[in-house]
């Protein structure tokens, strides 16, 4: 094993150009995939922060005793998909409406008594935010005897949720596509490198080297290349990210959300995957060039 | 020239593997870049369609003679950044409000007379939709003696516009990054291919071939590879797009916007760029391997 | 059947044909090489000498016929056992087949590494064999900068470093002046006296005369009746 | 200065040194080769024969000294003119240097293509020269599947196809049996009688005797006083 390890190191030194090409290719591929992941994660964050605005208003029948409201709240809290429930009394409701329509104060001048009902503002857990789930919950709420009427945001918010899901879906699809493309490109490059060295492989076989003996240093090299390429790709991304994000956050004054880098876990996963790709690329290419 | 062309074709046939690798690499690179472009164009479309919702309401003082309204409308129409102006009489306004608030009909029961003013709904041209431009227009509108009050959408819409611009910016940045990465990968691959063939280049030089004679078929090959790779990449994207988009449009019932493919112009540009990249990759690599 | 012909045979070639596409490279070749034999295969360019050797180390498969090497039937040998066969052979290739990106030392050492020889022993053995062929000064050079003759001597060193039981030499002195050639010839002879079987393909009359041994003639793939 | 030595010289080598890194490959070599001379360079392995030829076709540059070929001072020749120099030379490389991915025909034809010869003439000339060296049957084969001798004959064909004014031959018959070698020798002689200058590096005594001409000896990079 130590022998193979030494041979791998020697081999990398003997083929600096080929190794550099492979590592650069892996680094660029990782850069592409992780740049997109970063973009996607942050875009999702932003959209999620909007989506938090989606809430269901459940208006109560008049004259529900104050004592029952606590129990009702707990009941709704237990419904599937509910994240939290907030009671909004009719007085609070009117104040909010007035704030909202402060451009038309004349509308409220003639009001003798508060025409609004008490209400619950219900936030749903993010994963349940699609039109079907919202409508399901709405139906359950409407079935409650205490509830008079249910309203869920504006129509565009429901549509927006769909589009968000579409965005997510295409994002994942695109991420998948990019990953596959990266794997292809890396495998292609490794194949090309081994093609360049096929004579050498052939000579080793002719002088009696077993396949495992020939392959061992290549595998080690593949792993080193993958890990190194992945690390370099992420490092480049991180530096670019630092430079860009500080500029962006300044010029857009986006105080309400912070651009975040990939988590350590994702970071680790990417390097692990890139290592696997390096190994796999070697495996498949070696198989081809040692076949006959 | 015909000779070089023939030699290029012969050369492609002699090096099927190497050419396949190059073409596949170019195709994948183009696929990545154009898939992202496609995603970005459509995402921009969707967001734009929301952004169209941003409009400025300018409420008129009471008792402006009907005759003056036409002139005022034309005046506003000429303001910088205005796309179109629509007059909304107070009756229409009330009806819209009632529709909007049909859950709280009690609010309107006590109304004796229409408390709302006449108004103009002003849409801005898309490029002017940032907070500064909107506020500039607002100020100019408020300066008009006939205008009582100006309201522009909700606060989040202004913020939304900023985020949209940020999205656009990062999109372009990412697109740029991907393009550069693609160029690098392609150049890398071509270098590798020529490295594989450096002995051949050297032999040709030794038997008296001029550099231009050696290079000519490689250039032609580079151009063919670039064009072919670009076309294949876009074709794969197009087929994927057709399959995915029909599914998406069905399952999301996105009747309000149509997913669109890249325009012929963009299509052409991409293939042109990919051809240039093929050529450039050859140029730079040949320079390196024919140096000494 | 062929096994019984001679218990002492280390290589048996029986009615072997070799076709490359449409081209007949070997036609009905039968040869029996006893242990510790010294067999010289002569013949003009393109006669099939290299092809015959290739069949012995399984770089090519026979189109028809049987080949046995040290008791192994090469038609039935599994892929995994091929390295095992080749480690018994010391092969001097006509085109040397040195690895251009490895030093002379590594080129020779790889044979021993593949056999699992200890690191320290490898150092000693490789240096000693390179000294024998007169290449100890170029131990850290890379093959492409060596002269033709120097490359050939490295190729010889690699072939013999593993103490093979059979040496297959394809034109082992083709690029060498007679002094250097004599050194190689002496080396091969030394192995022969130690019990190694020699199979040498050549058209060099000097080599044929000097090395001694049985001579067979190939012509257009056919073994000529020995004159 | 060297120009005046002899108006008839086509190659003049004057006090040439060649060092590879620390290694002296050629030391103070002076040679004057008249037009239509036949010069044979002999010497042991690693003496510097190939190096000397490399200096003539500018694959290597001298470390010191001067080389003139057909009136061109190789130290001052511009990069662009090198192909022009090489087209005057027909070079048989010791390691053949055939392009493995091109057919025998294309390998030979490339010399003429590079010179801008008409397509139809190329066909005729290449076929004729391949016939001369006995390789017309392998015209569509790729070099790697050819036998050593066959490759060498293709290399000879490529060297002479462009009707060079000087032929630089490095071990042109090393892989050939004597019959095939004779064909090559006859071919070279024919060019010589037509006025071509021959410079041949070899350690093959048979070749030295058969081809005739002036013989110089190289030893460790030094020209030996002719015996």
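The first chain written gets the first letter, and so on, giving A, B, C and D; residue counts start at 1 in each chain.
Convention: contacts are C-beta pairs under 8 Å (C-beta built on N, C-alpha and C of every residue); 3 or more make two chains touch, one makes a residue touch a chain.
The structure presented is a predicted model; accordingly, all values stated were derived computationally and were not measured.
Trainee: Treat each pair of touching chains as one step and give the shortest count from chain A to chain D.
Mentor: Minimum step count, chain A to chain D: 2.
Trainee: Counting hops between chains that touch, how far apart are chain B and chain C?
Mentor: 2
Trainee: What is the chain whose Cα centre is as far as it gets from that of chain D?
Mentor: A
Trainee: Rounded to a whole Å, what is the gap between the Cα centroids of chain B and chain D?
Mentor: Result: the chain centres lie 62 Å from each other.
Trainee: Centroid from C-alpha atoms only, then distance chain A to chain B, rounded to Å. What do you get?
Mentor: 22
Trainee: So what's the Cα centroid distance for chain C and chain D, whole Å?
Mentor: Between these chains, centre-to-centre, one finds 31 Å.
Trainee: Could you say which residues in chain D touch two or more other chains, in rising order?
Mentor: none
Trainee: Could you list the positions in chain A whose residues touch two or more of the other chains?
Mentor: Touching at least two other chains: none.
Trainee: May I ask you to sort the chain touch graph into line, ring, star, complete or other?
Mentor: Ring.
Trainee: Among the chains present, which pairs are found to touch?
Mentor: The list of touching pairs comes to A-B, A-C, B-D, C-D.
Trainee: Can you tell me which positions in chain B touch chain A when the two form their complex?
Mentor: Listed in rising order, the residues are 17-18, 21, 24-25, 28-29, 31-32, 35-36, 39, 43, 46, 50, 53, 59, 103-104, 106-107, 109-112, 115-116, 149, 151, 156, 159-160, 162-163, 165-167, 169-170, 173-174, 177-178, 181, 184-185, 188-189, 191-193, 195-196, 240, 244, 248, 252-254, 256.
Trainee: Could you please specify the touching residues of chain C with respect to chain A in the complex?
Mentor: Residues of chain C touching chain A: 57, 59, 80, 82-84, 86-87, 89, 91, 93, 97-102, 106, 110-111, 113-115, 119, 158, 162.
Trainee: Can you list the residues on chain C that touch chain D in the complex?
Mentor: 20, 42-46, 49-50, 94-95, 145, 147-150, 152-153, 171, 174-180, 203, 205
Trainee: Sort out for me which residues of chain B touch chain D in the complex.
Mentor: That would be residues 3, 7, 10, 14-15, 200, 203-211, 213 of chain B.
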